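Read through the structures below before going on.
In the two complexes that follow, chain A is the common piece, with chain B as its partner first and chain C second.
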Partner chain A sequence: MKNVIETDRLTKRFGIFTAVDQISFEVEEGEIFGFLGANGAGKTTAMRMLCGLSVPTSGKARVAGFDVYKQQEEIKKHIGYMSQKFSLYNDLKVWENIRLFGGIYGLSKKQIAAKTEEFLYALGLESERDTMVNSLPLGWKQKLAFSVAVIHEPRIVFLDEPTGGVDPVTRRQFWELIYQASARGITTFVTTHYMDEAEYCNRVSIMVDGRIEAFNTPSALKITFKANNMNEVFHALARKAQRIDN
Partner chain B sequence: MNGVHIQNISKKYGSVTALQTISLNIGDGELFGLIGPDGAGKTTLFRILTTLLLPDSGSASVCGLDIIKDLKEIRMRVGYMPGRFSLYQDLTVEENLSFFASVFNTTIADNYELVRDIYVQIEPFKHRRAGKLSGGMKQKLALCCALIHRPDVLFLDEPTTGVDPVSRVEFWDMLDKLKRQGITILVSTPYMDEASRCDRIALLMRSGVCLSVDTPEGIRRSFNKPLYAVRAKNMYPLLEELRNYEGTLSCYAFGDSHHLTLKSYKKDIIHLQSYLKEKGFTNVTIESIEAGIEDCFINEM
Partner chain C sequence: MRQFGSFIRKEFYHILRDKRTMTILLLMPIILIILFGYAITTEIKQSPFVVLDNSFDTRTNQLIEQLQASEYFTLYSKVSNVEEIENLFRQGKIRMALVVSPTNDLQILADATDPNEAAALIQYAQAILSSQLSTFNFQLSTHLLYNPQMKSAYNFVPGVMGLILILICAMMTSVGIVKEKEMGTMEVLLVSPMKPVYIVLAKATPYLLISLINIITILLLSRFLLEVPIVGSIWLVLGLSVLYALVALSLGLLISTITDTQQAAMLISWVVLMLPVMLLSGMIFPIENMPWILQIISDIVPAKWYIIAVKDVMIKGLGAETILKEIGILALMFVTLTALSVKRFKIRL
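Entry: the complex of A and B
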């Protein structure tokens, strides 16, 4: 298996505060990788460095084969990104959002037209083509945002709490989209606060106070921590945190 | 005090129905949960009960006060934490809290006892601007601001969305404490483990229909089919195969197992065992389990 993400003692400091503290890990191609941690553990800061949005203080990292210091623009072309907070333009219609992101990622008009039909059909949004994204229920928005984040078939898609606030049924539909992308070879790097979703990942890491304190398959972690489920694993680790959520 | 009473409340936005003749009775000191998918009208109901929105029809009272006639008095008696962070981002933690205290003609010192447990956790950052706080801290500040005038009823709209599992447990421990002090709490949540911590829950469906109101235990008991947890080595192919299986009524992923209901019971389990073996699955286990709130929620959808 090839690694699509490799980090070596990757670190980010803000003044005297070390947000991300020498993290080293690899993510394999096609893997669904769960990046877990409490609020303030440093997940978002780490993710921003991997997406080429923030320059590390020290350490090394390569994403999709590109260096996070020197090839940030190349990284951006080869990844997709969606977050719970912002991913689509609320005041554009469904089809306009698809066209906009398709255009940004350099798809041809023909490709965009084909993708538009594909998404609307797959998500059951045919009758919502002209609906403002603003008025879609959150779960639909998130499914559309995911589809748009992989419109250019990136090597890796980064998902920052994609299912926050989404109801139990829609959360499961969302994970089906992840599985389908994974089957096409797209690597998924996902953060979540739902510990049942941690079980769906091939491997997970758990960050505590800026460091990666655990890294393995969910089943191996449950054995290591003598836990019945990932929720217990998470509690065992996160309760040790010293740093107050910043 | 006299709890929260809702009678046949309906609300439409243009042609979209948000609430359809909802009736609920919430007792004094009750911790009451609202669960339902996005678009089930939970936020609309909160806004009506906090006098921020008028219903199209129906009536409601909070602390024995009418939501239309007595709106000014209700506003003094309730605390509201909206789903979206609504504090002043460019005021510090301390400034936000003293602002909300002064709006209600009180001071932080007067009601410090009530918010102390929560406020001590954010006090080290009292000079930081609210906009610079992380998610978990914002939640705690918002709760303090909703409590600082010692309300009788607290309305919390998805207070723990985006909050990590450890902080969520701490947040609900705080709600238990507030409940013990006699505060009535109405809370919505997308987390079904939290729904289990309520005294009673109402299950709302899309377009604002109330499906059931019961204790968590009562809702679990109403699940009237045998339920099985199925595991095997390759979990996603297993999910697809279980859905293809002709005897399957429903099958959903539930963390480390798939929860399955069958069209007919006893006979099919043995048949299913051999079917999965035939399809090449290894380490197959099928275990009879009790339904949780999440199973009930999915079942009702």
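Entry: the complex of A and C
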């Protein structure tokens, strides 16, 4: 298996505060990788460095084979991103959102038209083509946002708490989309609060106070921590946290 | 280029679909021009006046005729004593009174509850009667107060242009960019291969276009409704407006880099942009009458230089060579502000 993300003692400091403290890990191609941690543990900062939004203080990292210091523009072409805030435009219609992001990622008109049909069919949104995204239910918006995030078939898609605020059934449907993308070879890098979702990942890492304290498959972690589920694993680790939860 | 195209299209959708904002943006210049042109005006039209003639001289009738002939005054009545004048003033029936004494002293009385208006009335009357006044022993019964708007009735047209451009280019752009931050869509855009400079350019383009439409609206209104002649080159006025709009855009960009919420962007735009334009640009209050510290501050208000230049071109009909200083200052402001905000934009992200 090839690694699509490799970090080596990657660190980000803001003044005297070390948000991310020498993390080293690899993510394999096609893998669904869960990046867990309490609020303020440094997940988002780490993810921002990998996406080229933030320059690391020290350490090394390669994403899709490109260096995060020098080749940020190349990285951006090969990743998709869905933020924890909702990442579509509310005042654009469903098909206009698809066209916009298709355009941003440089797809041709033909490709965009094909993708639009594909998404609308796959998500069961055919009748909502001209609906303003504003009036879609949150679960649909999130599924659409995910589809748009992988519109250009990136090597890796970064999902920052993508399923916040929706019910377990909708979350399950959302994860179906992730599995489908994974089957096409798209690597998923996902942060989440929901420990039931952590179980869906191939491998997870758990960050505590800027460091990676655990890194393995969910089943191996459960054995190591003698836990029944990921929730117990997470709490066993998070209890050690020194930082005040923000 | 396709990236940029699809992005600009998105910006137009945002603006066109926000009907309320769109309406405000397009109507505002019209409302402001009408407001300044008609409502907030010190121009005195058809002001009623009375005459108390104690001299029984035919020259008094000449005075009345001359005042009547102007569009500013109409004779309310002739009165026979001072008490009557006082009553009419109190009832608000008249705005000015002429009193001619038996010794041919001429006194002009005006209601100074509105000192600006009183001053204007007396100045107008004085001007109209100037040819006759030499034959009278002329004395005034009010103190003249400085009335800035007396200088020119079309002072405000360039001022309104300065205001609208700042409002639309700076405020709308900053709010537009900050809105994307607030919604979380900015992050998605920054992770995309789209260059930040395109994101900003695409944001600014529609507002630049709208403000040009507004400038043309204002020029048309002032030319055909207010009958303010455009003496100089219209292209120079438009060119100046574009330059000033660019300064405003870069200001808006700078504001967007230092704020995270739309409310904050709006507030800063008001305090840092709108108020100085209204108070310190010379649009309403003359700069030369300000304390020196405010005069210095007024130098960094872009609107001041824009208004000076537009007045020179539009009203005095001067050419580009006379406003090189203003053009230079505005260009310098644009370069500095853009450099600053590009730097800040990078630091932030």
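In this section, the second predicted complex is superposed on the first by the 244 of 246 C-alpha atoms of A that agree within 3 Å, B and C clash if a C-alpha of one lies under 4 Å from a C-alpha of the other, contacts with A are read in each partner's own complex, and residues count from 1 in each chain.
Rule of thumb we're sticking to: a contact is a pair of C-beta atoms (placed from the backbone, for glycine too) under 8 Å apart; a residue touches a chain by one contact, two chains touch by 3 or more.
Just so it is clear, the model here is predicted, and its values are computed rather than measured.
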item: Touching partner for A:76 - first (chain B), second (chain C), both, neither; value: second
item: Touched partner set for A:84, first chain B, second chain C, both or neither; value: both
item: Touched partner set for A:166, first chain B, second chain C, both or neither; value: first
item: More chain A residues in contact - chain B or chain C; value: B
item: Partner chain in contact with A:230 - chain B first, chain C second, else both or neither; value: first
item: Partner chain in contact with A:105 - chain B first, chain C second, else both or neither; value: second
item: Partner chain(s) touched by A:130 [first = chain B, second = chain C, both, neither]; value: neither
item: Residues of chain A that lie at the interface with chain B and also at the interface with chain C; value: 84
item: Touch list for chain A against partner chain B, complex; value: 37-40, 84, 137-139, 161, 164-170, 172, 175, 179, 193-200, 218-219, 229-231, 234-235, 238-239, 244-246
item: Chain A-touching residues of chain C, taken from the complex the two chains share; value: 2-3, 5-7, 9-10, 13-14, 17-18, 183-185, 187-194, 349
item: Of chain B, residues touching chain A in the complex; value: 36-39, 83, 121, 124-125, 134-137, 158, 161-169, 190-192, 235-236, 252-256, 294, 297-298, 301
item: Chain A residues touching chain C - in the complex, by the definition given at the top; value: 51-54, 73, 76-77, 79, 81-92, 96, 99-106, 149, 158
